[in-house]
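Just below sit the structures, each encoded as structure tokens.
In what comes next, chain A is part of two complexes: it sits with chain B in the first one and with chain C in the second one.
This part shows the complex of A and B:
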């Protein structure tokens, strides 16, 4: 991808990576751990974490942060460590497939750096918010965070997938003086590159076909979220501008037509291949216009789908993908519990709204 | 002090004029005070509603940001907030309520559409939209509360000032003027009585002198005839 990222022409080492991933997956928190956590206060959660997988990060960051901030930073650093390991272990095509999914963290980091520089934050503050789990190396990210201008960051990204789209969006940024075009360019690049270079569904083996299906579902769900958000906001935005190619749920023209009418959009989803999996969430969305609950359901559906794939083709990219999602979910769950307890949410509320056990 | 006033007719007339003016002013100020109090009661009701809405909106915004920090993470929420540098614009004009100048606050660019909030749509969630929306609403409520509560404060100050003026007229100036008037009237009456007494005395003296003259003339006449 760039001098800052690793390229590989070797053959894939699925057995080795999947074996290690299975071991790590087994060490993730289970339902009992979550049940214990939701009954703890924030300091008890921190103590509990010090006795688990997160011990090292909690100790390393203990001098800089405290309370729930310490928990949140420890969680993301631990996640970054695990995902870095995946990239270190994987070779050949497996590396490419893992890296293309983990570039979401590169996108996150690029956006965080752009936001930091835009708002005048110092390099140290920006670096603390980075999640070093993607392909961009720590040195590259630190160098980018130390840049003094947006243009400097874009220049520093030369050789990466984000450079050209950001340069193209720079004019809009300069006219509007808003980060929206740059952030959209970064996210759009990530999604568009997700399926680039993968074989056709017809010519691919069964595991790759399922991987493609998963990525398509991810893109479809992203398009669906965006269409619903735009429809709900009532803003004069052309939904097709935010449309990402690669999904099967709708094309750009359909999105333009459907985003104006939420009922039609919901009917379209109900009649699609996702209709059955999302039935309950669609009913809730229609009854209460609860978009957040619907997004929650989309996340749950994607997680469940990845999980199913990992059991069907245990020695393939799907097992790694399933682990990535499960690890992310663990981070989200622990953070949700800690933040929920910090803000005084009740036990039922946390269990119902925040944590998907 | 009544004793400091010269008890002259001119002063009495001046004091009477001042009393009349003060009584008229007192009536006008009383009416102004009552009018201001009525306006204040209206604004107080409005301010109580605005304050209650503000508290509800604040609680709602706080709840949403807590949920967003829990679900999307504190870093994501802070990041989305940092993606916008532009501040809302606030301008103040003034309006007049019964002579009291109160501010009228106009705000622009508080409510923003999805593509004006700075953060990208593709990489964020509906939860962030809801937080942004609820804080925009909160900011509007704060601006409204600032306008209404400042007007209330200005009205309250004016009511206090008017009340002090009414009281000063009612309990200090008018009693003092009336006292002065009474003092001058008493003094003038006294002077009048003295004048009458003096005139009577002069008249009596004059009559006595005339009587004496007449008696002396009679005696002289009697002496001449003998």
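This part shows the complex of A and C:
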């Protein structure tokens, strides 16, 4: 099950996967649960989680960690379990499309391992930070985390999509002694593979077309976020270096021009096809100049879009996608609450950090 | 050209003969095709049902009913058989 193999002629089993996924989507925390959670202390949150979905993870990890760390590790481990389940159930084309999206965790894991080894962390410390949700198996990840050198890791990735780009970036790394070229290579590979091999927009059925549109929106939002961050930080970075191909919002040239000027950037987004969906968020951004708020609005817009699609096209990938997004939001929200309570933030501040629908 | 009169006879059905498919055989076909349809419909519903039960066992009763609903189409096809027999 490495990220390069398994192309099969099997047909997809949408009905089975969608039924299970919908049940799990419905079991996620709702607004009431969040309202309760923001009023709890960290130990109460931990106890609350023990009585819900997260019971097993909390018990497994309870002996090793405590407090917010326990909550955080339990959250990521639970998420990993659910996403592994998705890959285990899905067959044929559905598997391809789900795996395509979940490979982002492979990218995350590879980057974590590279960073860990670069900073000289031991294998156990690296392993605890991995999210074992992607296509790389647990055994492979453990083996990679135990490697001595960056070169060893890259060699160990032989046969996966990350091997070649990393190999190519290795020279830059050796000259500059910085991880940036390697990390960029991993990210780029992920996003390039995201759009590769998908059926043509014209010949695909409507649900697949929407999936394509969704992936494109994801890339656009990623580019937008990068551009905004560069514009906001005022750092002298060439934004086109971080530009990811495949979106429709800007091309590399436009990014370079716009990243210097937040106002122009905002106008550009307002005039684009996303203008309508993001209207409230854009107004927010202009008024408060609050980047976090805007990023949350992007997340919420994406989640709402996926939800709408999943009701319009019940037997398609969109239901799975909406579950993946919702689950990720839940993990982010609980983590934000736990971290916020720990550092003594007020209710309003924590609530502002949550992405809710 | 000598074929033409015969062909005209066939097209206008001036021959008095048995139909290509006797009534009873046609009824049997109807049942068979309806069963195919029901089977195909149950394939999707069944796999969704198993998925739902895997998540929540209390759904078993409801899901069982949904799974056999396409079976009604076969019963309707059986009506055709009785109509032809009578």
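In the analysis below, the second predicted complex is superposed on the first by the 344 of 357 C-alpha atoms of A that agree within 3 Å, B and C clash if a C-alpha of one lies under 4 Å from a C-alpha of the other, contacts with A are read in each partner's own complex, and residues count from 1 in each chain.
Heads up, the rule we're going with is that contacts are C-beta pairs under 8 Å (C-beta built on N, C-alpha and C of every residue); 3 or more make two chains touch, one makes a residue touch a chain.
All values reported here derive from a predicted model rather than from experimental measurement.
Student: Check whether A:155 is in contact with chain B, with chain C, with both or with neither, and answer first, second, both or neither.
Tutor: The answer is neither, since A:155 touches no partner chain.
Student: I'd like to know which partner A:13 touches here: chain B for first, chain C for second, both or neither.
Tutor: Once the two structures are laid over each other on A, A:13 reaches chain C alone.
Student: For A:24, using the defined touch cut-off, is the partner it touches chain B, chain C, both, or neither? Pick first, second, both or neither.
Tutor: A:24: touches chain C, not chain B.
Student: With the two structures laid over each other on chain A, which partner does A:172 touch: chain B (first), chain C (second), both, or neither?
Tutor: In the superposition, A:172 touches no partner, neither chain B nor chain C.
Student: What is the contact status of A:188 with respect to chain B (first) and chain C (second): first, second, both, or neither?
Tutor: A:188 contacts chain B only, not chain C.
Student: Could you figure out whether chain B or chain C reaches more residues of chain A?
Tutor: Answer, by number of touched residues of chain A: B.
Student: Along chain A, where are the residues that touch chain C in the complex?
Tutor: Against chain C, chain A makes touches at 13, 15-20, 23-24, 89, 315.
Student: If we count contacts the way the header does, which residues on chain B are in touch with chain A in the complex?
Tutor: My answer: residues 66-67, 69-71, 73-75, 78-79, 82-86, 113-123, 125-127, 129-130.
Student: Which of the residues in chain A end up touching chain B in this complex?
Tutor: Counting only chain A, the residues touching chain B are 68-69, 72, 76, 107-108, 111-112, 115-116, 118-119, 121, 129, 177-180, 182-184, 186-188, 191, 222, 225-226, 228-230, 232-237, 242, 244, 291-292, 295, 332, 335-336, 339-340, 343, 345, 353-354.
Student: Over in the complex, which chain C residues touch chain A? Could you list them?
Tutor: These residues of chain C touch chain A: 44-45, 47-52, 54-56.
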